[in-house]
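In this document, chain identifiers A, B, C and D correspond to the written order of the chains, with residue numbering beginning at 1 in each.
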Amino acid sequence: MKKSTAILLLHCPDRVGIIMEMTKFITDNQGNILYLDQSVDQIDHRFFMRVEWDLENFLIPKEKIAEYIDTLYARRYEMKFMLKFSAERPRMAIFVSKMSHCLYDLLARWKAGELDVEIPCIVSNHEDLRYVAEQFGLPYYVFSINKDWSNKREVEEAEMKLLKEHGVTFIVLARYMQIISDDMIAAYPNHIINIHHSFLPAFVGAKPYHQAYERGVKIIGATSHYVTAELDAGPIIEQDVIRITHKDTPETLVLKGKDLEKIVLSRAVKAHIDRKVLAYKNRTIIFS
Amino acid sequence: MKKSTAILLLHCPDRVGIIMEMTKFITDNQGNILYLDQSVDQIDHRFFMRVEWDLENFLIPKEKIAEYIDTLYARRYEMKFMLKFSAERPRMAIFVSKMSHCLYDLLARWKAGELDVEIPCIVSNHEDLRYVAEQFGLPYYVFSINKDWSNKREVEEAEMKLLKEHGVTFIVLARYMQIISDDMIAAYPNHIINIHHSFLPAFVGAKPYHQAYERGVKIIGATSHYVTAELDAGPIIEQDVIRITHKDTPETLVLKGKDLEKIVLSRAVKAHIDRKVLAYKNRTIIFS
Amino acid sequence: MKKSTAILLLHCPDRVGIIMEMTKFITDNQGNILYLDQSVDQIDHRFFMRVEWDLENFLIPKEKIAEYIDTLYARRYEMKFMLKFSAERPRMAIFVSKMSHCLYDLLARWKAGELDVEIPCIVSNHEDLRYVAEQFGLPYYVFSINKDWSNKREVEEAEMKLLKEHGVTFIVLARYMQIISDDMIAAYPNHIINIHHSFLPAFVGAKPYHQAYERGVKIIGATSHYVTAELDAGPIIEQDVIRITHKDTPETLVLKGKDLEKIVLSRAVKAHIDRKVLAYKNRTIIFS
Amino acid sequence: MKKSTAILLLHCPDRVGIIMEMTKFITDNQGNILYLDQSVDQIDHRFFMRVEWDLENFLIPKEKIAEYIDTLYARRYEMKFMLKFSAERPRMAIFVSKMSHCLYDLLARWKAGELDVEIPCIVSNHEDLRYVAEQFGLPYYVFSINKDWSNKREVEEAEMKLLKEHGVTFIVLARYMQIISDDMIAAYPNHIINIHHSFLPAFVGAKPYHQAYERGVKIIGATSHYVTAELDAGPIIEQDVIRITHKDTPETLVLKGKDLEKIVLSRAVKAHIDRKVLAYKNRTIIFS
């Protein structure tokens, strides 16, 4: 059986002795450390750490741990931290439009047990991919948005209500071709993951493969990032690229890009589910 | 001994029978075709071709070939073509500032016989790299540009005069940290090769590694392109990338990027010297 | 509607004029050439070509084309050729064992219209992946092979019979963990595509990720190749790699490798379906 | 001015509290930790760590530190450790034969200040590259080995004597085309760095590019490793690869491979100089 663990992600101004203190806190209370990775931002003099420990013999009750960390360390070290428990699986909503490749890739991994996550619902602005949801026995909700966006606000309110009912903890935009409003972004800060089909910051916005073709680049990419209020400008979680040639057309770029998109998005989603991502300023620390 | 060959690069509207006609022209006149590569732009319906043949038994005199091609084919097919001869080695001027990595990489390859080129001169706005030129026994000219650019025009005129005296046929900007004026660009259209230390079109302009750090990208790149009037926007010849992590600082990005820059620039320069690059619109066809 | 085309793949000793002759043959008979790519092996002095043309106004009846090519060119040029028609979709059998990632990747692409192929059956030595076949409404046949291989011959005969009944034209081993016998290989020469989970020729045989871990490599790979009598030694169609670190275990290598495997296999399968692969000696020419 | 630092590389069976103990040891003695990276081998349950601290106010005298670590920790934790000081620059001998690309790459970096190393001598079995040594003002020693290897032993003794006189601390084989004898390997355990021009373990031994061509691979590589008694089988420090096509010949593979070789070798050499490599069993831990 999988161990019940606590996962602590933190960052604070870099000071001597923080690793020592935090590992002492865990081991003194009989927590067996299973994972530790840390990193220092040499420019901002900021310290980042991810530590995971077995809760089996841990002396502090699970529901008290955050309080203790807050009292004992967070204030002293001006620390920001997140405490997660392996027993609490994240609940992921997937938003899609008409292209199936990212959705299939996520669901195939989930079915194969690679993603430790619940998928309470799939949301779309189109009926097109209902059959995929049905193949996997998942509920599929369609919210049609008018061309003139006249119902955008009420649609998003209905979506938010649905997400709440389903206890959704984070959202994946798997080639969802709709702008997310600031309200929804604010409700899920650094918890909406998008895949943009370019090597950001190149080719922001619409039709990046056509932009890439016009510019004559020799390499194309895909970028997965947290959604922030500014379009395609949030903290980047993962990127990858593929070499192309002058023989490629926008159509072959779209095909080649699909492979990048699904792999890059799924890697980012897995890192998020495994609590290995820490967003700081507009960057991410990805623990190994 | 190396064979004396003719190299024909051409493009024209795509029409049936062009390959057939051109190869027939060469073989009918007893030219032995050593290389043929072609490509069709499916969007613009444009045909691109590079063909190289042995001149040994070719019936048409070398100095008449261009005329024949022009008369027989170029007008009929609305064709643009360049005719080059392997016996006429290109003459390359290298422009540098203070960083030596691209210069060393070019000169080491040249010394090893990898680049079939003459290097009549190295030009700089600083004294710093004179020792490298001296190591390789090459003339080094310094043209100091005032901070306020007050002598920019007369400096460029002196440079152009020098290039002319040395019979320079193309220019390589090997991390030359000066803007080239429109006059010089106009004098060497698609014959000035620059290396930009980013994955263009991301991070145009100054300090791209710092921009990359700020944006939090997970991959950095380098781009070699022909210089046009618009900054960092000319036809791309070659690009490459390297994966980075959140542990990188602008300083380590600079170090990692140097490896990319020199390899990407040298590949582009070699393709140009070997007459394997055809610029069309703002793209390049790179023949294999 | 998709055009009805003929696709000719050929190779022969390199001689002047073959492109000219073949393109003349097609255009003289009013075939509109849609694609032409050629390549010369400079070591073996061998010429390779792929040409595709529209059959709409072609003067030679479809069923006579092969005969004409054979009579007019194949004998004269000692040419080997394959003639295919876009109207005749290949029929692909997929063999699987217990891992679903390659199967899902192929089926998701097929469902999205990326693979121009029929899938008459999925074959396995285990029940495990029946649910995937059912999700996509495809027949799934299980042939159990005894641990001592005592029924290996009769199982393969049954499989061959099934493949024949279903008109299967080529086989994809999508992480099928069984050796294919020489008889079956002989029945489908260069028509069985395997994915091996290493960067061949490194780590032939069983448990390549464990071998990679033991050897301490810094990069792992996957290789798709045609199956020949010698294990993991057939002509390579496609390979790709990913960087790893000392922190990886055999388990994380397996996870990272799965991404490579499915992409590499699917690319190879697509190239085969699109008739863009020509096997010669133990190598492949992949037309662009 | 560069700080005077101590660098401790260690490995031992993984046990709770080692990071805590070691960092406490350093900070209690007023050492300011500048760098800390650690890693756990989850298979062998082994702990690896690199820590670097400022010696300025460190209470333990430099020459006593090793003794203290040995007494206080190494025995208790069954720890193996190396203690290095930034003030003691490694002394690198470069062995070459006839190809200049790796040598130029190393010397150009050294000249640009990228490699914190002394280069007391360049050693060769041929006169060919003396001019490169002279360009950089470095002593160049030629030791001719007879075709029948009759003087192999006495040559290596002379070389070892030379290395000793020059205080050489590690050796780089920069495309040195001679087998190193077991005696010399034993004298420099994990201190001889080789570049092999293939993606090891594929294509061990002679003419790997020809082997790669014959096998028809789609990607070639280069591998830098520590030399051990078994040919091309020592711990790998760095690898990289490049995509090739069916159009490549052994000759173009050699050209493309040279770019890989020099970059891969120089990265490995830099990691070694910076004391970021720890060899364990037949693998390496590369600290970030």
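We adopt the following convention: a residue touches a chain if its C-beta (ideal position, glycine included) is under 8 Å from a C-beta of that chain, and two chains touch if they have at least 3 such contacts.
Since the model is a prediction, treat every value here as computed from it, not as a measurement.
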item	value
Contact-richer chain pair [B-C vs A-C]	A-C
Remotest chain, chain D as reference, centres from CA atoms	C
Chain B and chain C: spacing of chain centres that average the CA atoms, whole Å	38
Chain A and chain C: spacing of chain centres that average the CA atoms, whole Å	36
Per-residue multi-chain contacts in chain C, two or more chains	245, 247
Touching residues (chain side chain C, partner chain A) in the complex	99-101, 104-105, 108-109, 111-112, 114, 135-136, 245, 247, 255, 259, 263, 266-267, 288
Residues of chain D touching chain A in the complex	16-17, 19-20, 23-24, 27, 32-33, 36, 38, 243
Contact footprint of chain B on chain A as seen in their complex	39, 41-43, 48, 199-203, 213-219, 221, 235-241, 245-247, 249-250, 281-286
